[in-house]
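In the two complexes that follow, chain A is the common piece, with chain B as its partner first and chain C second.
Moving on, here comes the complex of A and B:
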């Protein structure tokens, strides 16, 4: 992407509102510790006040003590979230707005973390780069928790001669692993890279709504503790989908899940609004829609799905929480409710969520493929059509999760058709990647390896998904380990391995350090090998008929489960090695040049570390983003060799 | 880029406020789209339970449905509020003061909000009294949430207009609030429409639920007994 630059007006010329006190105002006194303290205080006060009022109310009104107890815990968790957000300074902005105390430029700079050093990572900082790194660390922590729970699950299933955990606890770690990993996967690419990289990639100084950016991250931070605490309150024993009526009868831990999802949906919605608005309205001059990097298009596609469908998921949990906390009857059939209503509301997001995860990772791989093949993207328009097709058709596939529930059997065949149809736009995306790689001379590096891995995993996950979308096949496969292997190939195989490649690719820009590819590759390939062993064996177990979410099973499934467990431990070792590469590279890696990959996209044209407002002067785009080698796409020598020398010099 | 002095600039980013306003407008539209999906989820829940009448438990005890007039008064309050905010915005944008009109909007939305709370606390049924009661309670809670949000926003707009921060050159925040208030009025209207026109379920033959009979252990030993349908 060729660029020119344009000068902008000087900030000092702009009339400023009256500066009340030191820049930043109330937020100067806030950080993560004040947030936690305020959250805990409000939660404890709510618990004690509520225990005097809510529990007796539940007993006398509903003749069912759990109603009051659940209302008490719901109020406590919500109080934690509100208290935390107040303590970290999230409400300062709206209050200032309503009082007419608009931010001065000095205020905005303070909030963006100027001159705050490392303290800015612990505050309500609005700089998109800080928020991106906060998301990255949060994703790593969540993957750590979810991965640990996965190891516990595989340990239980691998030790076939005795029970390691009680059945109830086993169910709890299954459910918690599921939802922790879903949250981690949703934020894995769109969180760190959508926030850090996307604004620079389109030539913007920041996100459209910097304060909402900080709000989306800290809401996520506040949403996680109720979920983790739920493990100590009986856990989530009904899988990540928390189906009714099971969750209505589950221990109080289910309340933590419901509050987490309700808050996380706000966080995701706010982030989606911000990402879409930024890309639509803040692109550099000259960046017409056919010059927008494909990664930005993928982020928009993912954000649209999240924006539209997450409220359905959110309201399914609002109503489920109402059933438990107030005794209403949305999902209780005895009193006029319907469990199928829950399943419909849940799967309206539950299925598009897979695409929310996979689309950004796929788009990132496209971005990487063009750089490391030094070729233009194979059919930009087909890629965009693929994203649009997935977004459109994702709205009409949810019923395939309900084939075997007995809900509207006549709907099975139309939804079978729609589910198979979505493989066409998905196929577009695979073909664009294949076409970009085709007959190219690859620069063999870790990000490029992630492209190959994503392609393989996505094809395996996609084809097995087509089988499962067939109603007759699903009658046999439903609820089996085959389904578990299938969605792990999509979410982990495509989503997580893609995210790993994307983070390695943009690591130099985000941390100003080169990623240690030698150690990182060992971890990456170890995890890949373990992944194939784990989930290929699981396909076999599923085909043999092993049901999922079952603690004890027939000896016929032992070998598959032993292999899966060995594979899982190999994944764990690989991920720890990869994590070690991330940490050591971040702490003491070789300093990165501004553009180590000799990429043409805008984020590599600015200096490293990226300055507070991203560009000294705003760029103007004068050509397409992927003009590598044009007119001869195979003339890769010059730029690639130059880039190799740069990286090799370290 | 040349910037002339008569274009008001955003103090934080230095961009013309019309550019920031365009960005904010898209943001509000997207927030509204997300809110629409949430409201649709509530309406789906209402219509779903109304159509199925599971276990014959849709209607509240003694068919004591809520008084329809209150729903429509609340909806009218929402519509009048939105109209006043739009009127106030246009007045300010044309160079008028508009504070009195916006202050009137505050009074109307406050009265509507109070009426909504009164309605919630005086329903002739409890939230636990079946599908209609549960769904209606949540439609009204949704309306109260929307009204409280509009109330908070319009109070801010009045304060900012009085302080001169919303003026003819920079009236955009009033417009953003008017946009949201319009959607809030539509959402409340839809809730009223559902709650007043879809009361008695069309499904009068709903199958009973929960009448399964436990087969005694001795009887279940025989294949014939275990295959017999539950009564």
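Moving on, here comes the complex of A and C:
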């Protein structure tokens, strides 16, 4: 099956790389356990060496005692990341290359996990399908952690007559819930599906940079422990936005947040470059830009935003870390720093991040709607224009998070304009989905129901977003529960429910098992109704004037909070049922045929389970993957229009 | 070397070249005659009528103490009401299509692992629908922008116009209050009343109040809920806002920016009183009117 690749290497006139030792070299000895061991050893050594030197240095040289301890923990966390990456074999590639030892074909096959069985999931494996499944499990774990924290928050807010948690711990769980869920949502679609499905969908044998692909996942893996350990170190007590200078007075747990974001930003940047390059350069023959699946376009749009805006967020945390670890004052007003500088840097990513999450989910829904309606995509060009419009305008909307900061009241006018204009390209995406549903017979399978759910949630989230984009309204709503309900409708209602639908849709290809839709649907709909109850009630609490991030509040808000908490528990039950369906189907589901949905998209044309290099013979593409449907019985007047469109699309 | 176009003018008597496309009115008649089109239009109208009352619900929830307590709050509530009403048709049409799709255009189920392979019309684009949708959303967006800018100018005038009241007689001069946030209390200082300070805000009714807001430690947010004003209290900077309370009563002030341990308890009240009560309060606090 990989004969095409082998034959290139076997040509006589191409100098062959020399095989040094067994295939794979140093990486043969590495797996997740050696990684964790090396990371822990380096972290412990750094901690002890550092405590001999950094803490005394901190107490003598800087303005406050904290500095030494913070520098120590920053060094420890960074040592963990470096040690882990060394232990799992991430540096073997660059070292080999600097020694002048190119990879042989046998090496490359070992790295891709050939003949390694299940062990390849625990190693620095370059095969995009392995990386995709690793991302899927990681996303599920993060959703589990974030969901547990959400349950704790709602428990505290439902018990209105006393404090369940101490204010310290409550602040720590809201901050950790926020950032864990943000990370989980960012990887939820682009991680598992972007890595596993996208290369097959465009007819490639792997990603453009397989080793960078492994790097992006294991960086994410290394980035998460500091975040979770920080809960034991006082936690992130300042919200997921960690505004300065509150973050500067938070306990050492804040360092965990900063290191995690700095490392995670590298991970997303690498993944984004990889996804974009793969789609641009690795498409099958005949796949012109008019024939690229819209999901790939959505992933590119999302990656572009991540690539441009994540460095802002990363740098805000580099500077914040410097403030804590070296006593500098980028954001400390006492020594001439600016809190507004931090807020700007943060929201430069903080807002586009929502689109980074929602756009891949929406694009996945377009693929799903097409297959389950057995209709062509309503308009490929309008969909692409919608993505482009959102990406473009997303660059100039961040100040709507700062209407009430007093930073630049005059800037509220232009940013109100840009924020309300972004609803127009968003409308394009809704139009394409509605147009694809229009007059079709729906195959009401679970993935298709996710399309309906996403559209409803997105319209609710979009309209409440329009309220918030209006400065006078924001003067009442800013920092209230209304905002929380609004962005949960976008991130969870559109992002997470969309991701659930997309994962069910591609589940047979990824796991070679059919998803148990009967149990899955029970979980999905339970979660959906719980979601509506939770966040509709939260809108009411916001309208009544409840600020966000509080653990006790006026009795006037009791009823809406009780309803919200009941809804949250229903979501929790629904999600557990859904998770049970995922796990049981994955372990013992019905064996999946190669193309259970009768889709024309490339990823369903190869066999299941997908072989190492995806296709025995690389496909040649002759049309876009949306060629469904029968001639329209009503189609008389607009036949000329349609002929034109169809020619353009083929 | 004449540059005059010498081609014959089109004869106005001559009928235009016939096209395949019927006139828009006829096309609409043909479209609305289709059973699904009529039903979706009716469903949209019904849903719009069901959603519009939500606007009253919004007002109900924003008006716990009954009626806006300042012109600013009145403008905010008006905006919420109008936005809910104008976005109702958009929400209704989306919901109508989703609901109708599930009941009207047919559903199919798979039998075992066999895809149903149902037949749906191959609709690739529709210029009329596209133009209508994009125009409708654009008109709506531009309406919201124009409305928002006008309203923002209005409430800015209400809030910041108070400083221009210097020339007015004493009884109408703005009350200046320096608001200081610190973990986790608010302090209100009245520089014009010999610097009296108070942990609660007391202001006279129907007289502009002008706030200089700052913080001693971290970022707080000064939110006088029922008065509809909100501004960050930043360390190292002074921000401003203002309001003219028009309703007597005691209202809430909350911190709307996470500020650490006791953020939830960083609350106080604003008491809007008659001018006489205000004078009495100032005297009681130990101040004396200057001039």
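FYI, the second predicted complex is superposed on the first by the 613 of 650 C-alpha atoms of A that agree within 3 Å, B and C clash if a C-alpha of one lies under 4 Å from a C-alpha of the other, contacts with A are read in each partner's own complex, and residues count from 1 in each chain.
Keep this in mind: a contact is a pair of C-beta atoms (placed from the backbone, for glycine too) under 8 Å apart; a residue touches a chain by one contact, two chains touch by 3 or more.
The shown structure was predicted, so the numbers you read here are calculated from the model rather than taken from an experiment.
In the superposition on chain A, A:333 makes contact with both chain B and chain C. Looking at the shared chain after the overlay, A:322 reaches chain B, while chain C stays out of its contact range. When the two structures are aligned on the shared chain, A:470 is found in touch with chain C, with no touch to chain B.
In the superposition on chain A, the chain among chain B and chain C reaching more residues of chain A is C. Contacts of A:276 after superposition: chain B is touched, whereas chain C is not reached.
Of the two partner chains placed by superposition, only chain C is touched by A:452; chain B is not. Once the two complexes are laid over each other on the shared chain, residue contacts for A:555 go to neither chain B nor chain C. Residue contacts after overlaying the shared chain place A:16 against chain B, while chain C stays out of touching range. Within the superposed three-chain model, A:99 lies in touch with chain B and out of touch with chain C [touch as defined at top]. Overlap of the chain B and chain C contact sets on chain A: residues 333-334, 338. Every residue of chain A that touches chain B in the complex is listed here, in rising order: 6-11, 13-17, 61-62, 94, 97-100, 102-105, 107-108, 205, 208-209, 212, 269, 272-274, 276-277, 280-282, 307-312, 314-316, 318-319, 322-323, 326-330, 333-338, 341, 344-345. By the touch rule above, chain A contacts chain C in their complex via residues 167-168, 171, 237-239, 243-246, 249, 333-334, 338-340, 373-379, 382, 404-406, 409, 412-413, 416-417, 420-421, 423-424, 427-428, 430-431, 434-435, 437-445, 452, 455-456, 459-460, 463, 466-467, 469-473, 475-476, 478-480, 514, 540, 543-545, 547-554, 556, 590, 593, 596-598, 628-635, 637-642, 645-646, 649. Chain contact summary for the complex, chain C toward chain A: residues 20-22, 27, 30, 34, 36, 58, 61-62, 64, 72-73, 75-76, 79-80, 83, 87, 90-91, 94-95, 97-98, 101-102, 105-110, 113, 115-130, 133-134, 137-138, 140-141, 144-145, 147-149, 151-152, 154-156, 213, 217-219, 221, 223, 225-226, 228-232, 234-237, 239-241, 252, 254-265. Across the interface of their complex, chain A is touched by residues 1, 3, 9-14, 22-23, 26-27, 30-31, 33-35, 37-38, 41-42, 44-45, 48-49, 52-55, 57-58, 126-128, 130-135, 137-138, 152, 155-156, 159-160, 163, 165, 209-210 of chain B.
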